[in-house]
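Each chain gets a letter, A, B and C, in the order it is written, and its residues are counted from 1.
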Amino acid sequence: MNALPWTIYVSFAGAALALLAGNRAASVARTVALATALAGLALALVAAAAFKPGPGLQTLVDVPWIAEFGIRYHLAVDGISLTLIVLTGIAATAGVLFSWNIKERTGEFFALYLALIGGVYGVFLSADAFVFFVYYEIAIVPKYFLIAIWGSTNREYGAMKLVLYSFAGSALVLAGLLWAYAASGANSFAVADLAAAGAQLSPGVQQGIFALVFTGFAVLAGMFPFHTWAPTGHVAAPTAASMLLAGVVMKLGAYGCLRVALPLFPAGFVYWQPVIATLAIAGILYAGCIALVQEDFKFVIGYSSVSHMGFVILGLAAANSQAVGGAVLQMFSHGIIAGLLFAVVGRMVYERTHTRQFSDLRKLPLHKTMPFAALTFVLAGLASMGMPGFSGFPAELTILIGTWKTAPLWAGFAGFGILIAAAFTLRAVQVSFFGSTEPAGPAPAAPHDPHPDFEPITWPEKAGALLLIATTVYIGLKPDVLLDWITPALRSPLFQAVLKGGQL
Amino acid sequence: MTPNYLSLLHALLPEASLVLGALVVLGFDLIVGRRHDLAQRTVYATVLGLLAVAAAVYHSYDARLDGEVFGGVFILDSLALATRVGVLLLTALTLALLPGVTRVKQPAEYVAIVLLATTGFTLMAIAQQLLVAFLALELASLSLYILAGFDRSRPESAEAALKYFLLGGISAAFLLFGFSLLYGLTGSIALPEIARQLSVQAMSPLLLAAVLMTVVAFGFKAAAAPFHLWAPDVYQGAPPTSAALIASGSKLAGLVMFTRLLWSGVGPSAGSVATFDVVPGWVPAVALAAVASLLIGNLGAIAQTNVRRLLAYSAIAHAGVLLLGVIVAGKFGPAALVYYAGTYGLATVGAFGVVAVLDAAGVGGSFADLAGLRQRSPLLAFCLVVFLLSLAGIPPLAGFFGKFAVFTAALKLNGLASWAGWLSIFAIAMSAVGLYYYLLVLKNAVVIPGRPDAAPIKVPVAAATALLLATALLLLLGLFPSVVLRAVS
Amino acid sequence: MNAPLLSLIVLVPIAGAALLGLLRQAQPGTVRSLSLGLSLSTLAFGLFALRHFDPAVVGPQFVERHRWMGALNVHYFLGLDGMSLLLVLLTGIVSPLALIASWRIPQNPRLFAALFLGLQGAALGVFLALDFVHWFLFWELSLVPAFFLIKLWGGPGAGRAAYQFFVYTMGGSAFLLVGFAALFVATGTLDFLQLAQLARDGTLAAKLGPVGSPAATFVFLGVLLGLAVKVPLWPFHTWLPSAYAEAPTPVSMFLTGVMSKMGVYGFLRLLWPIFPAQLHAIATPLLWLALAGVVLGAYAALRQTDLKRMIAYSSLNHLSYCLLALFAVASASGPKPSADAAVSALSGALLQVFNHGLSAAALFYAVGLLEDRSGGRRGIADFGGVRTAAPIFAGLTGIALFSSLGLPGLNGFVGEFLIFRGVFGLAPWAAAVACFGLLATAIFLLTFWQRVFHGPQAGATLAGFPDIRGIEYAVFVPLVALMIILGLLPQLLAGLVNPLVSAWAGQLVLP
């Protein structure tokens, strides 16, 4: 259990090692990165095995850091953070596997990648708002370089837009947190202390601060209408970075909303709740409709991420323990599934066909030339549309249940969202991989003949895909594994102040 | 008032070491230098200069923090100590950049004048009397004018010096006029006495004029808008090491001096922006300058394509935050301000250090010239990333915590029910703009590949050490800001 | 009884699908025999279940119930009653035959067989699962193999048809899901039997809101929509003709024979027991829709020149009879409606489900054979005088046609007769209108018979038209034999469902 903070340190150490190793040989850097990611995952799993779910955070480290401001280096874990840490471990490992073919500046790539991972682990473990914020910002900068250096289409624009949105969001968060800290008079950045002091503030101030902090985090979570960075950023990013962006980094925003914004100002939240829910629904539907008409494969996936994160925000907005539990489950699920989708699109397809346009892909019988990629994408697509048997289903069902409890109308709109998700995912599946199916007739090509032009799918790709598929199916069949962590965590007094009437 | 010359000597030993150092540097060069080439003479001058700085640091620590010295002319408090050590450190870093980098043909003179400027800085840090403060400021300023124009091979350098000198002279005139008015109003040049007198005086037009003139001079020193016009040309035209000193040590010392002057001297006439009802005084004026600086600095920086001019506009933008720090220093002490100014100085010295090395290697100053820096010198690229990200305020680098501390204090004044609070929100918003132009530089340095035939850039050992030291300090101070905060308070 | 019989029924085909997926090097022959064996397992298990089945028991038998997702109170819950048994047997009969019919398909037989077995397993899961999540898993999962079977092996318009089929059904399912999420909020359970119990004792109405309240109405409409698309209920049928027509023959057989029954099953298992009052409230409009399906489906079939589309519309027409019966029962009000009529209508509906499965599968197969022999043509004008060229084929098809038409002595008659009898007792006007449908059905089926099999040889028939042969007998003969047997001995099936239907009729909640 107490080894969890090492996920952070191991990642940063791995980043430094990878940077040094990159000067020697790319393969060493790769191996270092894989070992680091696996070490993080192993630490997370070992901690998960020993984890005893309960309300409230279980402290791992708590030492004074900047006494003048009452800042403590306080790391702690509960079921929610543990869920996301396991997700980070899995996504990081898969990401390394899918970047096995990076040849240019390999050491730097993995150094930045692992630094990003380290920041993400740090965010999920932080119990002090200041520490949280520091790790949150640490995770921002590597993204720029990962995308700008190793990205594809319009990469410099995408990278800059993404980073500026993130940074603007975090500026809002900083403004809100500082305001809260200053206004509350508390000499502490512990969320509980801030919340206790914040409850004394006038309703107007609480609403104002909540709006700042929540909006700041929601930018990173891809909440409509602050989502526009997400599709361009995802499309521009190299595969592993898109996997992490959609898989983990967007979760940082949602996690910040849940961990910091909601408990801090329950009164402010109540005021903004309808607005948030409306924006979430607008995001689900709008991004879904946009995804339906995209002609670039990766844009479809990018918008689908926005749409799915809309469900997370909707779950948070519904604010009862089912809805929020479902939202956390959806974060996990979407992290895995989006990773898988981006892996197929970015690594398996794009790096072989060098096109992402549906009009080009339609002409290629990809299901015959890349059966493994086709199968993976079909499974990922099914998971993404919320098919039962995959992790998306229990997540969406729990969110729907919770949302219905708060406001049936929202659940009805979410139903439309599920429908649209099915439509655009299916369209992507059928146009990309099954665009040219030969009508039943003579002279079929032997289905497993690899296309001469495309190199076969490599073992790291297979391993990464299997890891992600196995996870989504496992959680789809046994969501209790995660829900048994998440639900008790929501019983902590901090969450109970904002979550009303949830009995699971 | 019983003058105690022994304690005065003891208190001023750092300054004495610096002046002595300057003389030794000159003399050594005169005697030994003839037999050596320029490179070696630069090394000798630098080493001697560093020794003098080291001695000054030692004496700064050695001097007891026993408060007022020599009848209150000087004050030795924790702020003074921290500032002295800070400016000395910044000077040392600047000096270390010289060997193998500078184009200066008279290294001994250059180092000597740097030491004299530093003497001015350290005196500014401890001055508690108008006259001494003015003299210290002028010592520093005159030295800096010379340093700005030291590169006689480039006309821009002379232009920079002239511009700096003319505007600096005007600001000195303002300051002197302000001081004389203050003296006239209070009958004293000692800050505590001035404060005592002012606390029983109501705000009068004359007092307001005195205060505003002081603020004008201060704004000039801090490169705050609307007194910033000299900065871009000077930063671009002066030799990079001179610009480094102007942007770092000079700024730290100036801020501390004016903070002391404004709060412990003119404090009673500060006025207030801690609510929406502005109380007239110098604080509202400083606040206006802060807004203007943030706006002009950040927006101006976006349009730049030259690294040095960008650093100049970034300096203007940072001046905005620093002025905010001055405003809050009255209530919460100058710790945040010193931290901010010090770490800002570190990052700026570092950035100008990189510019200096590039300049020596014949790389131009525009963004596009930086392309491929990563291949040509991974060290420089890495250091530049750290310096600029610290300037942008990315944790865990020191620049972040500096902003954090200042903004927190500003918000603590009265939350958002005050102009100060909104000013800090504005500054936070502007920091997002800041990241944009810093990333533009870094994009060229790190992302865009250079020409394949570009030769590697060799970084001299001393400069490399200085840059890495600055990098490490930015990281360490960012991780452990308490070190500085505790030293000041 | 200790063996988890129902799990075996569901999982053997699915495991078989996975096995085929892994057997990369298998020869087509191996694939065929293996998949046929796996597919036949359903029939074997079904017959075994039939032997041990106690028709007198109304509730589910062979129950397997295990805790699954604690947080959602979800159970792994399988159970079998008379209705389920009927459908398991139907699946057990139609699937292997369809699989045999697929042996002509040249492309990738292994993948085809794997997908087909997956589809079969999913359908069985739908018929046996009694917990919503468990049921929904199979309900949705069945779409996936069906989608690919249509898309990859279908005709020229298959891509569009498959997409339409999938999205329509998913669209319905999304609202079904929302509806059950709401039910969970109200009751905390997703168990069909418990929900039905709660509905009967009024708890559900108390928690969800009375009939007509917005929430309850929304939930009901959501579930209704999900099921209505699947059956399909007119006007949600637009996906059906193209999906059935573009699918390859064996898949069409399965789609119409088994999958279309999932919707009817859902109406009887979910909608009616859980929302009796709501269903009653809008039964009359629904009755009109069902009638529209009966009548317009038949007239649409009449207008088709493509034989496959004709049979597809005839499916719409025949399934609408089942819904007609259900809605008539649901709409019944007034003092003690004839329980007899209700029993008659409901058992007629169940028998119709089974019989239509047989006859529609046979007809699709027949059209498939015509298509095979004519090089892909299937217009009604492309054929003529087939009877002279292929008398046995004509005979067998004729029996299937007349069974579909409802000729007494064949199985189709029994179901339709019972439905009409019941509906006359409950809603005479509806039965009267439905007669128009009956008339049109007779016309288009006879047109089929006459244009294709009689008259001078024409079109494709001219160039030598081989009669039915070899393996084709194996598909056709069992189907036709069953049509005759069940036509003569309808009590074989009726006995299985009678107690159940009587119990339903007895429990009718009538205001």
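Everything below uses one rule, namely that a residue touches a chain if its C-beta (ideal position, glycine included) is under 8 Å from a C-beta of that chain, and two chains touch if they have at least 3 such contacts.
From a predicted model like this one, the values you see are computed outputs, not experimental measurements.
**Q** State which chain is most central when centres are taken as means of Cα atoms.
**A** Looking at where each chain's C-alpha mean falls, the closest to the middle is A.
**Q** From the C-alpha centres, identify the chain that is farthest from subunit B.
**A** C
**Q** Need the CA-centroid distance for the pair subunit A / subunit B, whole Å please.
**A** Centre-to-centre distance between subunit A and subunit B: 43 Å.
**Q** Take the average of all CA coordinates in subunit B, do the same for subunit C, and state the distance between these two points in whole angstrom.
**A** 83
**Q** Could you state the distance in Å from the CA-based centre of subunit A to that of subunit C?
**A** Centre separation, subunit A to subunit C: 41 Å.
**Q** Could you pull out which subunit B residues touch subunit A in their complex?
**A** For this pair, the touching residues of subunit B are 335, 389, 394-396, 400-401, 404-405, 407-408, 411-413, 415-416, 421, 424-425, 428-429, 431-432, 435-436, 439, 443, 446-447, 481-482, 485-486, 489.
**Q** In the complex, go through subunit A and note every residue touching subunit B.
**A** 65-69, 130, 133-134, 137-138, 140-141, 144-145, 148-149, 156, 160, 163-164, 167-168, 171, 174-175, 178-179, 181-183, 205, 208
**Q** In the complex of these two chains, what residues of subunit C are touching subunit A?
**A** On the subunit C side, the touching residues are 24, 69-72, 105-108, 111, 133, 136-137, 140-141, 144, 147, 151-156, 158-159, 162-163, 166-167, 170-171, 174-175, 177-178, 181-182, 184-185, 214-215, 218, 222, 248.
**Q** Contact residues on subunit A for subunit C in the complex?
**A** So the residues of subunit A touching subunit C come out as 325, 367, 378, 382, 385, 387-389, 393-394, 396-398, 400-401, 403-405, 408, 411-412, 414-416, 418-419, 422-423, 426-427, 430, 434, 437-440, 442, 444, 447-448, 478-480, 483-484, 487, 504.
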